[in-house]
Amino acid sequence: MKFAVIRFPGSNCDQDCVLAINNLPGASADFVWHKDTSLAGFDGVVVPGGFSYGDYLRCGAIARFSPIMQTVKSFAASGGTVLGICNGFQILCESGLLPGALVRNKGLHFVCKHQSIRVESTNSRFTRAATKGQVLNIPIAHGEGCYFADDATLAALNANDQILVRYCDAQGQINDASNPNGSRENIAGICNETRNVFGLMPHPERACDAALGSTDGLVIFQSLLKN
Amino acid sequence: MFEPIRNENLRAMKVLVTVLPKPSVLDPQGAAAAEAIRHLGLTGVGRVRIGKVIELELPDSTPDSEIHRIAKDLLSNPVIEDYSISK
Amino acid sequence: MSAITPEIISKHGITPDEYERIKSILGRDPNLTELGVFSVMWSEHCSYKNSKLELKKFPVTGPRVLVKAGEENAGVIDIGDGWAIAFKMESHNHPSAIEPFQGAATGVGGIIRDIFTMGARPVFSMNSLRFGDIRGDSQQSATNRRLFEGVVNGIAHYGNCIGIPTIGGEVYFDDSYSGNPLVNVFCLGILKHEQIARGAAKGVGNPVFYVGAETGRDGLAGAAFASRELTEESKEDRPAVQVGDPFREKLLLEACLELLASGCVAGIQDMGAAGLTCSTCETASRGGTGVEIDVNLVPKRETGMTPYEILLSESQERMLVIVKKGEEDKVRAIFEKWDLPYAHVGVVNDDGMMRVREGDNIAVEIPARQLADEAPLYSREAAPKKAPEPLDLASVPGADPLTALETLLAHPSIASKQWVWQQYDHMVRLGATVLPGSDAAVFIVREADKILAASTDCNAIYCKQDPREGGRIAVAEAARNIACTGATPLAVTDNLNFGNPHKPENFLQLREAIEGLAEACRAFDTPVTGGNVSLYNESPAGAIDPTPTVGMVGLVEKPEHITTQAFKAAGDIILLIGEPGDELGASHYLLAVHGRKAGAPPQLDYAKELAVQNAVRDLIRQGLVKSAHDCSEGGLAVNLAESCLSGNLGAKTEIPGTRADVALFNESQSRIVITFAPRHASEILDFLKSRSVPHTRLGEVTKAPTLTIEATGKTFAWPLEKLRTPFEKTIPSLMSWEK
Amino acid sequence: MFEPIRNENLRAMKVLVTVLPKPSVLDPQGAAAAEAIRHLGLTGVGRVRIGKVIELELPDSTPDSEIHRIAKDLLSNPVIEDYSISK
């Protein structure tokens, strides 16, 4: 499976994503420049983390107008796999590919740490290799990762089983104490209605090597590779 | 190239777009500011909200509809923010 | 142009003697712009005029040194297999005092540029910070908290956005820094030997390009600003404040690395302090050439800027690039790809002049070498040396060790700095394998398949009491931290933070500390690859404690050698390597519990120190060691508490000594605590005996979450939660707005 | 904690403090926004500056001098920013 890792000016987890994916048997990744308009030859798209356009104005607000994003939208509309990580999640929300928005962390500070998240649904190509309720240790690193959606949107997300991962503690408990940023309902990642676009704040690419303290991120990439 | 050279024949106006978080959205920065203001001895402070202001220099002739388009599509995110425009 | 009056000269910080020298270099009077150019180039910040003669005492050579200190923007060290590292430390103290967020942010931006100017890809950063006390309700401590908050936010903002992990550092709080915080930032980059780029204007006829942010009036003459004491009026020095744009710098970084790889570049130099002035005359001086530019061609952010303003501006995120003639189009294509402003502003010539035109007028014409390299050098008067008053132990009432340990752990200088490093993205680039919170940081450099350890250290109380000993210990402690991770030290960068050098007692501190550092760098075989000097660190209350910060880098041979401070398993044996010690002078125990900065600091013995470090490293390499932690502030008791807390395990120990507080909290040097599985005991003990390295079995790691220390026949026990709260909650609760 | 309870007997007013970077200070956000606005097809955009706006609920009786004090000491940094107050 060949992934396009989009490079915006200011992306900074692009190389990490390429490295993590290229280390997986059966997967490979290549950069795609934001000024490009073609995704021909790719089976999936990763919108990586970082600070596209410096996160000026709002995270993801400017990146959404990049030429490549039009192509990503049609790629998604035709059922293509799109994974947005951290800043990538923010960009997907800003682009309207995912509902809701990400706002300033409740604690006001940028937070970088290992974080437990719980797999809430395995009904997706991103989580099918996991088990429901599985607790994953995956780092977070963001200043604006507090997920917000209005009540109606939240109800729809729940009803459609679109909430794929929630922040929890090491035992899998979901509560305020295990919520690192004030996200509504501890939401860490959601997919779209057609379940082919997934955005999450934690960085699975940072949890693919035991030397970095966790290999729990692999399950997300393995899900994508599973037939 | 970067500071656009404006045509000096066109008259320019300043437009202020004010973007504030919707009341339903958590505004921890506002809450922290309220607390800090109380620390500075100002009593009776109510709610504090913190938003952004964008000051634009635009040709006099720019239609309002265009300013609204930019404010809505780019300068604010309707999911979490409201904007207002003043000239 | 207005005549140059003595007032104007003195406003530029130029002495009458220096003015005469300028006249003789030029063979005429300078014009105002030229005077401005001399004033920034001959400021302390750029010329090191008060410290250079002392800096010559540092060892700067060694088999691994590829680029020496002072030759270029940063030194370069060989790490094997064709790979090299460039690293350096830089201060942004005064800007951070005025505007903590932007001051710290632009400090990070500056040091990163120094690294990629060398052709290296920056891979990680660290920082060493000092603030006044953040405890209490006074106006002063509120200000200190605001500075602390702003500086940490600024470092986080810049580093996180540009995507360079900040993996370590240190923070101390002491009232000598009230109003004059220290913000020292470190960056390290990786490159292949053949990629080393030079800041020289080579090749007569080669075009000179400007790339990066447009020049504005911000940061006018910041170098001169950094070379003065801070006063109340400094707050009015508004133009000195620069705003950083990490996004621009990220583009500049990628563009410059792409550019250097393209082979089109003859020379490259960042515009840091003294901006365009410094980069043009330094490149010309290094190249043995001249450089001519036209300020009309420089991209500008504001209108009506004079040559004086353009030359002295310290707008951030700019570079000067000397391009090989004929390659201009390739260079333009790269800048355009990255959406960067650029301009072809001048040419390299052969007359040795820095010549600045404004269209047809010549605004500046100065011999580049004299301007860049022949600033006056001064050896200031040093006060006579006096030995520190030894501590009279009888004057120290023995405090209750139970509460004393909690007090120490709650001292902001010792308490966990998680509040700080959690705000830094330390995981980007997939390299941080030992996260902040252990001794040295350990980082896997993926592109080179090398593992580096890095640490910054300085105990300023020691330096205040005895700057020479303090300097020696700063190097020893850095090396010890590196050894605890399983690494071998390679080289050192330093940042010398002192008060006004015109005061003899301050100059004595500077000289003594440098001699101490230099001696220790020789002893540990770690050449100095570069650094920075920041003088005039004074606030209305007086000079700061002397703070010669050391940044050391080491190399870990194999991944399996990487070792951390956390206790690993119940039943493991806890062994002290080194002697139990009894020196309480200048200790944090005296400060935190008795409110005193007194006595002579502990005395370092190189032979003992090296024996301990080598033994620990060798045991680690034999695969026998489970944890290693160096003993520093707060002595053995704090050391054991930290290892318990980070491993979430208890310990049952006994510490020899005749007085409990001395036994627990003394800060004698050359001590490392290791743990290992009981089955390795005889192997380890035999090894230590064969090396004649002193050691004491302290006890063992326990599952029960309690730290127990027996000393002088009494038993002291702390449930871990009693230790965790002061250690982990002190800084977050001081910094929380929810009071 | 976050939403302070106001004394309902006091009349409250809304005060808007607008904080903008000084003209000579670099405003990278503003520059990025200007570029994006041009991309969206709005021509002739001149300088764009981005600042923050703080909306305060204060008792009617709060003296102007107090509002200025808060705006200067807490809400802005006079070294790099200017503020203005509107009610």
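By letter and in written order, the chains are A, B, C and D; residue numbering begins at 1 in each of them.
To be clear about the criterion, contacts are C-beta pairs under 8 Å (C-beta built on N, C-alpha and C of every residue); 3 or more make two chains touch, one makes a residue touch a chain.
A quick note: this is a predicted structure, and the numbers were derived from the prediction, not measured.
Set side by side, C-D and B-C show the greater C-beta contact count at C-D. The distance from the centre of chain B to the centre of chain D, with each centre set as the mean of the Cα atoms, comes to 8 Å. One finds 35 Å separating the Cα centroids of chain A and chain C. Annotation: 39 Å between the Cα-based centres of chain B and chain C. Along chain B, residues 2-3, 28, 32, 36, 52, 74-75 each make contact with two or more other chains. Contact with two or more other chains is made by residues 53-54, 56-57, 61-62, 65 of chain A.
Counting partner chains per residue, chain C shows two or more touched chains at residues 245, 247-248, 301, 738.
Taken together, the touching pairs cover every possible pairing of the chains.
Remark: chain B residues 2-4, 6-7, 10, 12, 16, 18-20, 28, 30-31, 33-34, 36-38, 40, 42-59, 62, 66, 69-70, 73-75 touch chain D in the complex. Of all the residues in chain A, the ones that touch chain B in their complex are 57-58, 61-62, 65, 93-94, 99-101, 103-108, 146, 148-150, 182.
The part of chain D that touches chain A in the complex is made up of residues 28-29, 32-33, 36, 39-40, 50. Every residue of chain B that touches chain A in the complex is listed here, in rising order: 21, 24-26, 28-29, 32, 52, 74-75, 77, 79-80. Contacts from chain C toward chain D in the complex involve residues 98-99, 102, 213, 216-218, 235, 238-239, 241-243, 245, 247-248, 301-302, 315-316, 738.
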